[in-house]
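First chain written, first letter: the chains are A, B and C, and each begins at residue 1.
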Amino acid sequence: MVKIEHKRARFVFRLGDLKLEWTIEPRYWRNHFIAIALLILLILGLSGKPDLLSLITTANIYACIAIPLAWQMTGTGRMNFGPQLFVGIGGFTAALASIYWGWNPWQSLFLTILVSLLFALLLSRLTVIAKGLYFSLITLLLPLIFLEFTNIFNRVFRGETGLSGIAHIIDVGDIGRNYLLGCLMSLGLMLVFLYVVDKVLRSRWGVYAAAINDNENVANMLGLNINRYKIVTFTMTSVMIGIAGWFAAHYFGTFAGVTYLPLQFMLKVLLVVMIGGRGEIYGCVVGAYFVALLEHFLTRIGPIHYILFPFILLLLLLALPEGLYGLYRRHRYKEYYPTLKVRKREI
Amino acid sequence: MSDTISIILIYTFILGSLYLLESLGFSLICGVLRVFHLGYGIAFVVTVYVTWMFMQKRGFGLGWAILAMCAFQCLFTLLVVYYPIVRRYLEKEEILLTALLLVAMIGEETANYFYPVTAGVDLPTGILPGITKIGKASVPNQMLVAAGIALLTTAAFVLFFLKTRVGLLMRAVSQDIKSAKLMGTNTERIYALAMVLSVIPPTICMLTIAPVYSIEPTLGWSLLQTAILVSILGGLGNLKGSIIAAYILGFVAALVSFAINPRLVNVASLMMVSLVLIFRPQGIGRSESLW
Amino acid sequence: MLLKIENVTKGFGAVKAVDGVSFDIHEGEIVGLIGPNGAGKTTLTNLISGLYKADGGRIDFLGTNIVGLPQFKICHLGISRTYQIPQPFPDLTAIANVVVGVLCGKHRINLSFGDALLEASHCLETVGLFGKRNVLAKDLTLFELRTLELARALATTPKLMIIDEVMAGLNPGQSLRAVRLIRRLKEEYRLTILWIEHVMKVITEASDRIEVLNYGKKIAEGPPKTVMNDPIVIGAYLGKKYARSRKA
């Protein structure tokens, strides 16, 4: 089926007509290993403090939402102003399956993927027919529609208070250990997402994404089937965001529509993408940790943090043209730095 | 049956006129600056809370408070929204939209910090108290007054665009900015003027419906949602389309409230606009320019 | 017969941009397409490459009717074009621009990303841009952008290449280099070229046959010398008075 050839450090996979190469280059892995090791040590070091562990998990969940979103925004060439729709879909599916049917987290993961896939396929037509600004507007409105539905079917979705009593992602008996293992799992999930999206963006599909983002019609003329690519990107990234919602539901044990669906959450995720590094996926990780830490430490100051939090984010948004990650990237060679577009100016 | 129909028609008129007033400023910005002002809700919040602040803190009378609030509104729009954000990032829309959302959120949180819902903010701007009975429907007089004022304001704006020189310049800028610049129009000033004009309808709207509307810091978002829906349905920035769209949405709201289920009003409007966007993305209007 | 255009029409509202144009292109030819501004040349190009759908008529490419096919399918059949105002992918490097063409231009088997990069380098070297392969496309000069367009169109291994006003904005030295390059590409890659141009000297020297459009209709065709002296063509460019005075 899949033929694998091996020549020194290069693996070649052949599947039918498709030929994929993977060159193993350990000399580029140093920074990544150091970062992962530091993060694992940090989590293990915080093992006695569940609130700080929840903070790290929140940061990881923001990153898990932002990484596929960054891919989606370049791959479909449109800005999605409503990523939290799929967080809601994933989270509610997991919560409902767990509470009403008593499924364990892995069974609800399977259901979450199915339901997210279904909704993503239904909505993917939008990427083809809706131009720039209209796509942003529709995606802005969709989570609000979903929120209204949850309010109407109050008995099922439990409106304001949300669903609680969702099975924890992993249960070894001791609550402290549960939180620690859950935090490590969130780190694992984020690393998996990061690896998958990074591999995709460095391959031919990454070049296709860049081409669609820059000029769709020209890419179409060069022989790229843009509609198929956009639909596939939208579906895959939406399923990934749904999985992030699944994890959030199972880790925190509760899931309320009012936490994840309104504009405030959308702004947080969007700012993770924009402040971290406009559309760069490593920047999303940096941005996620920054936003989560900022939120946590500002809460100590008192009720004024509600004003300070968006204010600081606004200042950073205006001051850093390339995001936080751009400060580091500026000193290194730029391969592809995407420009996010809401509306394209046709020549 | 005919009672329901008459109620629906009356409320179509009232709700449609109110929606029109709420979305007038939004359509104006959309048409002239071609910018989706997602921070539009801040105008409503500023109206209510700054007036209240002037009345409470400084002990102004209602009239003086309103005047002071208008001055504050204009300065705020120019110095905080237009010059630092809109003008700098007119081309980079992703930053622009996010920044405008953030400004609206900061404003709402500031209002919430100083005057949360429990502080009992209330503007005594009722003009006609009492209730009128039209057929079998009872309508608060204030809402009839608000609908009337909405029509007057819209008429004033339309006359401004059709009859005055500056209105003509604005229409020109909205249709083709490059040609307008070539003809010698000072587009910067037109933009600034458009932004200042766009806060007048929200101010009037909020002042007139304050007695019958629930005042809370988050009121900006639902009004913004209405403005977005009317604008999308009417064609982004098209004033003629927005007028028709406002009454269509008013009809949908009235129909769903009185004939189906009041809790489904929001969903019905949202779904209708989403469907329209999918099948006719330009909306009802013919062109994307102001008139 | 490579391309056969039969009675193609396209209107935008009340304006008929292309009105009943018919001609053929045979393999190995260089066909020139000229006409005053607004004659419908670029619209015809867009119709052939699939950006617009023709209102009426037939366009046959190697026997298949390509009216109504999506653009990428037309590219897979073997038609490629360049743009009047160069439209590269601005945030991608030159080699990445060409790699898109290599990977997508046709259904290729056993082509990995590394192999595609090699082929893209080869295309760039043919046009002379290999030294600038890692420069972002928004930093290239006009002439380099034009050659990048050619390289990118070439990477899709076309049978018919439509070249849209490649001389505009170039000085005489660059024009000469561009003509030599296109001639060389045609010989090496066995292309058929439909060349839209305004610079008469270039088009009369390079093409085997010329078609003339005016206000969307075809007004003349034939070898360059005949077309250039045709009074109808002169009348279209310079006015009927001048054509009459020349005849007299």
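Simple rule for what comes next: contacts are C-beta pairs under 8 Å (C-beta built on N, C-alpha and C of every residue); 3 or more make two chains touch, one makes a residue touch a chain.
A quick note: this is a predicted structure, and the numbers were derived from the prediction, not measured.
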Chain closest to the middle, measuring from C-alpha centroids that were averaged per chain: A
Longest centre-to-centre distance from chain C, chain (CA-based): B
Centre-to-centre distance between chain C and chain A (centres being mean Cα positions), rounded to whole Å: 43
Gap in Å, rounded to a whole number, between the CA centres of chain C and chain B: 50
Geometric centre distance via CA averages, chain B-chain A, whole Å: 34
Of chain A, residues touching chain B in the complex: 79, 81, 126, 129-131, 133-134, 136-138, 140-142, 144-145, 148-149, 151-152, 263-264, 267, 270-271, 274, 278, 303-304, 306-307, 310-311, 313-314, 317-318, 340-343
Residue ranges of chain A in contact with chain C within the complex: 12, 14, 17, 19-21, 23, 203-204, 207-208, 210-211, 213-215, 217-226, 334-339, 347
Chain B - residues contacting chain A, complex: 36, 84-85, 88, 93-95, 97-99, 101-103, 105-106, 109-110, 112-113, 221, 225, 228-229, 232, 236, 263-264, 266-267, 270-271, 273-274, 277-278, 281
Touch list for chain C against partner chain A, complex: 49-51, 70-72, 75-76, 80-81, 83, 85, 87-93, 96, 99-101, 103-116, 136, 152, 156
